[in-house]
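Below you will find the structure I want to go over with you.
Which chain is which? They are A, B, C and D, in the order written, and residues in each are numbered from 1.
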Amino acid sequence: MNLLSNILYDMIYHSAPLILAVLGGLFAHKANVLNIGLEGMMLMGAFSSTLFVMLTGNLWIGVLLSVLCTLILGLIFSFFGITMKSNFIITGFGINIFVLALSSFMLKYLQMANINVSSIVNVTNLKINIPFIKDIPIVGSLLSGHTLITYISFILILVVSIVMYKTKFGVYVRVVGENEEAAKSVGINSTAIKYAAVLIGAALCALAGANLAVERMALFTNNMTAGRGFIAIAAIYCGGAKPVKSSIYAVIFGLAKSLAINLALFAGPVSGLFEIVPYLMIVIVLFAVSAVESRRTKIRGFKLE
Amino acid sequence: MYAIEAVNLTKKYGDFVANEDINISIVKGEITAIVGENGAGKTTLMNMFFGLQKPSGGELRVQGKEVSFNSSLDAINCGLGMVHQHFKLVPSLTVFENILLGTEIKKDIKISGKLSFKSPIIDRKQEKKTVQKLIDDYKFELNADDIVENISIGAKQRVEILKMLYRNVDILIFDEPTAVLTPQEVDELLVSFKELKKQGKTIILITHKLREVLEVSDKVVVIKRGRVVGSRATKETSAAEIAKMMVGREVILNVNKKEKDACQNKVVYCVKNLCTENNFGKKVLDNISFEIKEGEILGVAGVEGNGQSELVRVLSGLMEATGGSVHLYNRDITNKWPAELRSSGIGIVPEDRYAQGLCKDMTISDNLIAGYHNNEKLCRHGLLLKKEIEDVSDSLIEKYDIRIAERNGNVSQLSGGNAQKIIVAREFDSNPRMLIVSQPTRGVDIGSIEFIHNKILELRDENKAILLVSSELSEIMNLSDRIIVMYKGKIVGEVQGRNADSEKIGLMMAGVSAE
Amino acid sequence: KTNDLGIALITSAAGPNDKGYNQSAVAGLEKVKTELGINYKVVETSDIPGSLSQLAGAGYKLIFSLEYNFDALINGVGGNKPIAEQYPDTTFVIFNDNPNVNEDGSVKHKNVVSVLFDVHEASFIAGALSALVNENASELFNTSDYAFTAGDAGRKVGFLGGTKSNGITVFGYGYAEGINYIAKELGVKYTFYSDYNAGFSDSAAGATKANTYYSDGANIVYAVAGAVGDGVTAKAKEVKKLAIEVDANKDSNQPGYILTSVLKNTEVPVFEISKHFKEQTMDKVNGQVLSYNLASGATGITDLSVIEGKIKPEGKAKWDEIKTQLKAVADKIASGEIKVTNAQAGESFDKSALTNLNMPND
Amino acid sequence: MKKNNTILKSIYNVLFPVLSALFLGGIVIAAIGENPFLTYSIMIQKSLFSVNGLLKTLHFAAPLILTGLAIAITFKANIFNMGVEGQAVLGAFFAGVVGFSVKGLPPVLHITLCVLTGMVVGMLFALIPAILKAYFNVNEMVVTLMLNYVVVEIVKFLSQGVFKDPSSGYVSTYPILESAMFKKIFNSDLTIFFFIALVVFGIMYIVFKHSKLGYEVNAIGKNPEFSEATGMKVSKKIMVIMLISGAISGLAGAGFLMSEKFRFTLDFSGSPGLGWDGMLIALLGSHNPVGILIAAVFYAALKTGSDYISVFTNVPKDIVGVIQGILILLLSVKFFNGQFDLTGKLKNMWKRSKSGEQKAS
């Protein structure tokens, strides 16, 4: 019972930053701007949020400033990638390498091994316990006791779905990605749309980083995003950049990660191999889905994606 | 005052001059037809009118004012609209979303009585209603709800047209709007043109079909190699004269086919009970059976979207058949992949030129050898022989009169007609035993049509078997020895080419059985 | 003889600002500079062998290398002579391992010094402390400050290691033996959860791993996993339990929630060897294995002053008693009465000998 | 004439970002109170303009050339194979295992065996995403990204378990035997491995530029539907391409182990890793073998240079990372040709200002 609660709680815990990065990344993805820089943007969010919380002494001001910082990063990416028509993948990698180096350089410059803001932020108080629900077994640990940004991330799945499919902006993002010529021919400013798509991604990645660092641990350590940006990219691809489907992949990953960690307790000496589970899980689910799809279609061969 | 006036308008691509000192005045309220060979520079000119290309020189005036468009948005704001030759549609969106793209209708949120404001949410119901009404007004065969990805090319063309008509513009540019429409639809469209003209709109129409020019236009402008070479009032000219101005020589507008009886010849290609389904599980080919003999052209007629595309896909190995069989000289080739079909001697001219027939971003010679690059003449020990490939492509370019600006340029720089000739040259010259030819002259100028038709007949006279699929009924009737008609995935009738009666075929195409 | 260049130090991948292992070595050099007047140079590199020969070639006569990477230095690779042999006038000091011996036990290079820390002993003390504190938690601390699991359900500890290497297991095994020692004395049974795959950077994942231990009843989690430890201590604070840190004194990172830190104080050997260098008595250490035990001050646990702030007045007596007990344990280790497994020296660990400790993950 | 112009432009395209990045980095270096000129002169002098430095640069370029080529052949076919990192690591690991476990072989044989092991293992790894892509249309980018993590965990598990060198204080397999080591030439860093990389480069050059396969790779990358329709058997080609990529990456890993690391450790591939570096190199070299060769040497010089920096100056190593990040960002843009035409824009501005003057006068 306790174990099950823990598994569910940790599932939400590990899913939230991924969902944010997925939701942010899929705008750019839909607009046909492959953003490999999600990892760097997330790291920037984690780093700058803790840094600014330390400097300002206020959690939400820190998070806000970190969103701004990451937006600047998004602007850099957009400027190079969209205005200057660079190779997105290189630019994204540049962003990743740059942020990683910048954060560790700054730490060195500040003579710190990590940024610890636990004296400013009390993470226990940031958990929102929902009355009544928190006392229901199982459901309680699924729905209650998470942080604000975690809740926001799940609410955003719905919001992003609406924006993507019901509003002009969402339609334009998809149009620009699918057929930029078509967008231009009806006078849609495709550059502006692409910028907006990348910037939304940057902002949400900042939140993901802040969620990971400040909100959960009041702590930044070097390279603490540890590849989550790439997992998010994988989830976006798996879900065909659809908000709900891609988020489900993020949750699947979160669940697998949670299972791997919680069950490792009972795994004996092979617990090390449990770390593979989340990654294999993604591959297997994707394989199953693709195999079913490819069986259905009678059209042969590959199309340019 | 003219609606549009071009003064010495010039467009250069590097050293290549696509438009040179063009002077055209489009009279308000008239229909002006612009004709010319493939690659003459018509589209380029229109793109400058519509702000998609920047002129390299000269002046452009709209409603008497000099303009300099930075994007098509500027042109739209000046009251221009354009239907593009290569569709500018979004495949994953519905028909109505495509038509209303850029002018979406938003939901009103009513807060008690009079107070209401626009929400950011799109009102899809309202959008659909609006578009369905538009479709009904123009009597187009179209469903507002369909996803554009899944509709036929003809339907896509109709969406493009509606997209512009909806915008209520004053000057309408149509770049080959009829290339993929059925004859009935063309007639409908021409009626709409006249209607629009009555409403005071100015129309520029680019087409390769002289019938249309003569029927609706007030004025014809002929462009050749980037220059205006002639301009006539339509009333005072004839198809023969226009064709001559375009091509620079007399053009035989109707092919001249020797009748031949293939009844006694050997069967080359035999299709039996062929079936397949689309992604939604719908049967799109239903028990298709036919034979083709040596020296015979079998024409497949039908309205777009009745299974012809799928038939060609299955026969060319790009789609799986769920049932039935295909034999080539008694050899079972059912569900073989394209590579095996080719090596067994089947040449294929696919329907979608730029998807399956050509690679736009490769050079002309790379495209000319595609699929035949394995030949020992061109490839030894896995290495390609540059010199031989150049020789082969030079000779094909020469033999098939492919007009190229730059020898090592990419196919993307070629006009549609010349691009089509690359496929024709490649497939026809590989000495196939059997040819599958789909929409061979779509969007191709009359000179090239004549050329391609003659080549097809030449192959027939060399005793090849040919399957010809085309939405152009006149093409089918002109070339085929035998015609089968498809409707809803089935063959609904067969007629001999000799005594084909277009009325009767037309009825069969519409689903009215022959008997 | 010394020259202007002075002493060079190559840090491990964690870099000179790691608040631990590397930083205290740098602190040692800083002390050397102020007290002995010798310049120093700190190098951070991904190419250890290359930098070793660079520095030696540039004329450095004493080089500390904190990273594990000895093949090129000691044995030579790719047909090249060992770097130690190429630069016989330079002394290379390496840490945590002693590869400088031939099969027959003789010293390979006279100009190599190996420095070992008896962290297994320090870990043993930390283990003893953990068990003692856990048994007496209610007496020592205010219940409002902590949320300890009481009784048998709380007789659990966790250990998170970055990788499963001798350099890490040496901490884990010593810790286990320390807990077992006290458990046996008190006649209770403990469970020891361990995970040696925490890595060194994903502090968020480390925090959840620690949480699985805490929520299963463990009251203390010991992390030997670099930055992951920061995640563990943050989690300890969140769940109001205790963590143990490693390398440097990090007790005040999360004051009150870090029970102690197991020290591996590189400052001591760095200063001592540099002193020999200054006094030109390098022959006293050259070719030697320098082992730093509890008594040397280079290893051990912290003075516990931070956690002491949380001891309630009524618990002071018990606390002093615990400290005395620890002192006794340390003495027994020093006298050899207690033998702690030293995994780093290649000693094998026998978990079946730990009668009062259940180790499901080992 | 025209060709000259394009070559010149591509030189500008590289020179401009390099100089700008160095300039920006220089500002940062100056800001922390160090001398940027000294820093840079050490970096360049030690990595390119000294014999030993140059040889070291070439030595480190060898695996990068290979991973660059391994990525390029798949990217060119529009297959996003992100698994080169995993292929290289796995290849290295098993080459290492053969390197220490097979005893008594003469060096030539032992080296060959290790290299072949690395290549075969690389191919086996690549086979998984290849089959999934070719026959089930599973997105190869996701699969390879995920499998990379799987590889990391597996080699970790193995090197902490069965293949662990118990005498070592950190996680490591046994060192490979003398007979499996590529010998350093003249006591420099260079080994035969560099020349093996050059041979592979030569072969790949021919494959890219003159072979049937190269032609098909190009076609598949640009239009797979067309390629299938004209009979190029895309699925089979995907398999072939992936296997080649796997073999080359496996070779890269094995060679790096046998010429530089000599035993497998968890940080074997470095950060960000041979495969990721290779990806940047392939992209910077525009999937063109010669471009890749140049980019690899350049990148290796940057890396070696950065190691020298921290030895000879007090500039922290992370600065090099910052410069690298800026550099890569700037290199991603083609300033002088391609879509963003700086010279063209400048020329236009110049023309406009001139014509403006004329009108005014």
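Basically, a residue touches a chain if its C-beta (ideal position, glycine included) is under 8 Å from a C-beta of that chain, and two chains touch if they have at least 3 such contacts.
Owing to the predicted nature of the structure, the values given are computational and were not obtained by experimental measurement.
Taking each chain's centre as the mean of its CA atoms, which one is farthest from the centre of chain A?
The most remote chain is B.
Once you find the CA centre of chain B and the CA centre of chain C, what distance in Å lies between them?
Measuring from centre to centre gives 76 Å for this pair.
How far is the middle of chain B from the middle of chain D, if each middle is the mean of its Cα atoms, in Å?
Distance between chain centres, rounded to whole Å: 45 Å.
Centre to centre, by mean C-alpha position, how many angstrom separate chain C and chain D?
Measuring from centre to centre gives 37 Å for this pair.
Could you state the distance in Å from the CA-based centre of chain A to that of chain D?
Whole-Å distance between the two chain centres: 28.
Provide the list of chain D residues touching at least two other chains, using ranges where the numbers run on.
153, 156, 160, 223, 225, 228-229, 316
Hey, what residues on chain B touch two or more of the other chains?
318, 337
Using the touch rule from the top of the page, what residues of chain A touch 2 or more other chains?
Residues 104, 108, 272, 275, 300-301 of chain A touch two or more partner chains.
Output every touching chain pair, sorted by label.
Pairs flagged as touching, ordered by label: A-B, A-C, A-D, B-D, C-D.
Which residues, counting only chain B, touch chain A once they are in their complex?
Within the complex, chain B contacts chain A at residues 50, 52, 71-73, 76, 82, 84, 87-93, 97-98, 101-104, 106, 120-122, 124, 163, 276-279, 313, 317-320, 322, 337.
Write out the stretch or stretches of chain D touching chain A in their complex.
32, 78, 132, 136-139, 141-143, 145-147, 149-150, 153-154, 156-157, 160, 220, 223-225, 228-229, 234, 272, 276, 279-280, 283-284, 316, 318-322, 324-335, 338-340
Which of the residues in chain A end up touching chain D in this complex?
76, 80-81, 83-91, 93-102, 104-105, 108-109, 227, 230, 233-234, 237-238, 272-273, 275-276, 279-280, 282-283, 286-287, 290-291, 293-294, 300-305
Across the complex, what residues on chain D touch chain C?
Within the complex, chain D touches chain C at residues 56, 153, 156, 160, 166-172, 175, 178, 181-184, 187, 189, 191, 259, 262-263, 265-267, 270-271, 303-304, 307-308, 310-312, 316-317.
Quick one: in the complex, what on chain A touches chain B?
162, 166-169, 171, 174-175, 178-179, 181-189, 296-301
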